[in-house]
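Labels run A, B, C and D following the written order; every chain starts at residue 1.
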Amino acid sequence: MINNIGKISRRALLASMTAAGLLLAGSGSAYAAEDITLGLVSPLSEPGDARSGDAIKKTADLWVKLINGAGGIGGRQVKLAVFDDQGKVEVGASAMERAITEANASAILGIWSSSVALAQMEVAKGYNVPLMAFYSWSDDITAKNYPQVFRIGPYNSQIAAQMVPFVKDRGYKKVVVLAEDTAYGLGFAKAFEEAVKAAPDVTVEVVQFQAQTQDLTAVMSKVAASKPDAVIVQTVFSATNLSIKQGREVGLKADIITGWDWPLLPDFWSTVGEAGVGVVYPTFSDPSLNITATGKTFVDAYKAAYGHEPAIFQYYLWDNFNAVKAAIEKSGSSEPAKLVETLPGVTFEGTIGPVFFRNEAGTVNFHQWDKFAMFFKKLNKVGDGEKEAELVQVAK
Amino acid sequence: MTKLTHHLVPLLFVAAGLGLSLIGLRPVVADLLILSVYYLLLAGSWNLLAGFAGQYSFAHIGLATAGAYGTAALVIAGGLSGWATLVIMPLAVALLGGGLGLVALRVRGVQLPLITFAFAGAFAVFLAAASDITNGSMGLQLPKLVPGFDRSLYLVLGGILAGLFFIVQNWMIDGKLGLLMQAIRDNEDIAHGMGVGIFRVKIAAFMITAAIAGLAGSFYANYVGVLAPSMLSMGEMGYVVAMAVIGGLGYRYGPLIGVVIIRSIEYFVRGFGAEYTLVIITGIALLVVLFFREGVIAYVSRLMPRQTARWRS
Amino acid sequence: MTQLFVQSLLLGLLQGGLYALLAVGLSLVFGILRVVNFAHGEFAMLGSFAAVFVVDMLGLPVWTGLIAAAVAGAAIAYATNILVLRPIYLSRMRQKGEYTIIATFLLSQFLIAAATLSFGTTYRKLPGLWDQNLAIFDYIYLSGNRIVAFVAAIAMIALLFFIVYRTDIGRAWRALTQNPLGAAVVGIDVNRYANLAFLASGAFAGLAAALLAPLMFVFPASGVIALVKAFIVVIIGGLGSIRGTLFAGLLLGVVEVMCTVYIDTGYTDAYGFALMIAVLLFRPQGLFGRTGRAV
Amino acid sequence: MSEAITIKGLRVAYESDIEILRGVDMLGGANTLTAIIGPNGAGKSTLLKGVAGVAPVTGGEIHLGGQRIEALNAAQRVGAGVSFVPQEASVFGQMTVLENLRLGGWHRRKDKAWLERRIAFCGDLFHSIKPHLERRAGDLSGGQQKLVEIARGLVGEPRLLLLDEPTAGLSPVMVREVYREIARLKESRSVTVLLVEQNVREALAVADHVYVLAMGQNDTDGPAAEIAGRLDGIVRNWMSREGSGMAS
């Protein structure tokens, strides 16, 4: 009985969707080919990481503008269906479903938080629509080997493994990992604890804190009192800046290695001030990076449009979009199922080199592009940006 | 409305659930309706507690969240089916609510909102920080009742749960308990003087409404299939309060009207981005609180003077 | 390890002074009107934005930011009283106390959403009066701003004590707090003194937020944190007791820091809640509250 | 100094359709003590509240000396010389008796010399609170607290003092104490007093003139001695009405 109802409704659903599609095709641009819709599901408001969401949205808007200006993909215009996941898993999953069923998106891009991505993967699998990850680091995203899920960007265990040689070379014996209580923070902490077993003389202590905190002085006092050689800060929220500022305030003398590109965000120096001097940040971006012609087009257009340089994760997002474009061109269709089939085989020029997916089933390197290098850079004076920062070490 | 109409309402919901599942709705609309049942159960039970018994608890969302995480625990660790949790969790959360009542009801008046607020706040911190148990903000995934994306069963279930809520509400309000609750709300001292067992009535109200909140949470967990600490925030509590207040606190169908109004607004303005949705919803709620103090129902019934007595519970 | 202990104790006390300043207005307003103001945190948040506006955008000196914050906080508190609360507590509805909670709660949600829309979610920082990290005998580490904030907080609370115990405004406030009927029959105009209490409450919240801003950041949701802290302080100290607020503020600061350092760093906000629950259970009127109040 | 009070056709209604006072007339001569008695629900307390400005007056006139006061708010009436001592406890428990007295002169607080003089004078007025001026008012006995309230009500040099059941809830010893002092107050002939009282005998003993209210209207009135004479008949009349359930 219940199964029957399900069948009927699904059939009815398909019928209504087809009808809607016909209606759309009929009423819209009758002569031009049908538009391609891409779903952008990102944290655009609190409690999500809205700062990053904003950067994602800017990148996506710019890409659509450039592509449409150049005549679209195969003559078809591209439009974005934008949804806010509010950093919440359940909202992200339902937003993704809306993007698929309501906006008929060919692929979903712009996902940010690993927690949200993990929930969205189920939707991607259920509807057989490609889900493109770029800066969601949880190993599980590709390790689960869902055929619909792709990642152009780094993942935790690899990052952690690359960080160990750095810790050894710098001679750190006692390291504190200050991790926010999210998939991002704790996921890294766990991966790092695992990876550091390769260096037995390094001791690691994980200090967890509430992601949305406004006051880390107590936590930093405790960290300072244990007199570590280095503190690795893993957070995206205000705590990046707080840990530095308040850490120095309570007499923390250790080197601070802080999250990825956050020191390049516009509010870094204005909130941290003097305390930011000496901070080391790992990143996937460096002027020594070989930026391709595609990459240069992106950076120039981005600077022209928004007045500042894009961060490295925006490069990866750009490559995400181009991967979808390549798949549509290759298969000659914007059908999601076709894209799922085609995507694993696409190769194209990315922003920092050729992009292709590793397709090693059963491992984390499934539908995964990982040709990035990791740079450790040091900020030597107030106001230092990406160009001024001193390159301390490179891990490839 | 007559008593008969009150008893027809549950049937109406069950029938609507069945009918809609047969017609087949767009997933988005189905989503909207199914999650509206979650909010109806919450706003409705909060209305029973605050509007009828006069006990303004801010831990209601906390109880629903406990129901949801409890469901996940039973399904994942206990290996139970989701159907069993829909029966077990209301009972478990009723006990939890009773415990909370035993503790929180020792205080009176405006201190009750404050102590329940503190309990909810502490629970929220725990959910996020104890990530080895709750999986923190990574989210806790559990298998859904029905794998895949077919909503028809949930529409039927939602209709039944909404109907069930109205049956419980009728039983409470029209029964002795409802009278005692309202006596306590209107004047606790007089009720005490009349020999009403104040504490027992309050605990009963706490437990029954907690059971409904637990049911809502369990339904949510079984439907959404992934839980995160963001489920329990002051914003969510405000959302539920706004629904009850906009519709009409202390009115039988107040929360229903409130849920319909707020969920519709949310559906139509969500395209503008979450900030706009929030500004609009909280703005409207605030205006209702300031100018139509008894909610939309009271205002509408005043426009139709002859009906006043019938709409009032 | 004693170093960590002394350091934590000091940090807790300094932090506690600011908590007390945040909370003192909430307590004052409750005492006079029996209104629990859930929008109190937003007075603080909007005050700190006013300070950022004056200092960052207009480029005026830092101390003018403090004044701007106090003025903005007071203005918003005053408007809240006139527009939102007065119609309720002058009405004849039942359960006014609970209803004011709902109204101010929704107001607070609205103000946060509106501020997010207007100011965005970026973190802003306010320069402090003494932007320097101090290492006292290389044993105690503090920022100058923290000391400035604490001293200012204590001075402001001392000022409030003076007002409450030595002036006619304070006499009227105390009269309204102790016996509203008595205050009415001797001819004290409750509206006028409620307005003054709200002005003071908003000014203190705004000022506290502007003093906190150089230590933390300014952003739309910051009021929620301020409110939660203020609540805990007021409940612990006893609603309506200024002496209790000061003591409870310091206590909360110390308990939070100590528990974070010595128990678990991941549960900072939970310690305050736990303290609040314990106090409500064992002494519902608060440590300094009096029994038999109309609460 | 003090004035006569004239009340004409006073109406009070808390909610639009429930009128508690339905046109009451009354005259209280200057420096006299007028007692108001009547069955429960007759509107005695409401009458005082209407005069004090804390209950909504919907009709009628109140003259205090040459001044019409029914349109003033409560605080303005205090300024006009009306002093109300309500039935419920209204003492500021955490303040000393002296601080309580100081607040009694609230409307003329700027006149420091006058205020100090009045505080000293009123603090001296009642024997049983004189020794306790520095104590917290909340620590005094119920009767003493009531006397503090009356003394506080006199600090502002009122032209009219309204006493609403000053002995409600007090033990017989305290009732006697309070009435001893009220009698002394009346002997001083310095203020017009309207006194509402359930203890009919105590009230008659101290009053100059007595009004009887029933069901929100005048029932009868006369000099205290005369009313005392026909009290049994009056009370029997109340009983029959209360029995019929119409009084409230």
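Here is the rule we use: contacts are C-beta pairs under 8 Å (C-beta built on N, C-alpha and C of every residue); 3 or more make two chains touch, one makes a residue touch a chain.
From a predicted model like this one, the values you see are computed outputs, not experimental measurements.
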Shared interface partners, meaning chains that touch chain B and chain C: A
Chain separated most widely from chain A, comparing mean CA positions: D
Central chain (by mean CA position): C
Separation of chain A from chain B, taking each centre as the mean of its C-alpha atoms, in whole Å: 36
Where chain A and chain D are represented by their mean Cα positions, the distance between them in whole Å: 77
Distance from chain D to chain B - Cα centre to Cα centre, in angstrom: 51
Between chain D and chain C, distance of the C-alpha-averaged centres to the nearest whole Å: 42
Multi-partner residues of chain A (at least 2 other chains): 45, 181, 208, 210
Residues of chain B engaged with two or more neighbouring chains: 125, 129, 275
Where chain D touches two or more other chains at once, by residue number: none
Interchain contacts, given as pairs of chains that touch: A-B, A-C, B-C, C-D
Complex contacts: residues of chain D adjacent to chain C: 52, 54, 74-75, 78-79, 83-86, 88-95, 99, 102-104, 106-107, 109, 149, 152-153, 156
Of chain C, residues touching chain D in the complex: 168, 171-172, 174-175, 178-179, 181-189, 290
Footprint of chain C on chain B - complex, ascending: 50, 54, 56, 103, 106-111, 113-115, 117-119, 121-122, 125-126, 129-130, 185-186, 234-235, 238, 241-242, 245, 275-276, 278-279, 282-283, 285-286, 289-290, 293
Of chain C, residues touching chain A in the complex: 1, 3-4, 7-8, 11-12, 15, 116, 121-125, 131, 133, 135, 138, 141-143, 146, 215-217, 219-222, 225, 256-257, 260-261, 265-269
In the complex, chain B residues that touch chain A: 21-28, 31, 125, 128-129, 131, 136-139, 141, 146, 148-153, 156, 224-228, 230-231, 233, 273-275
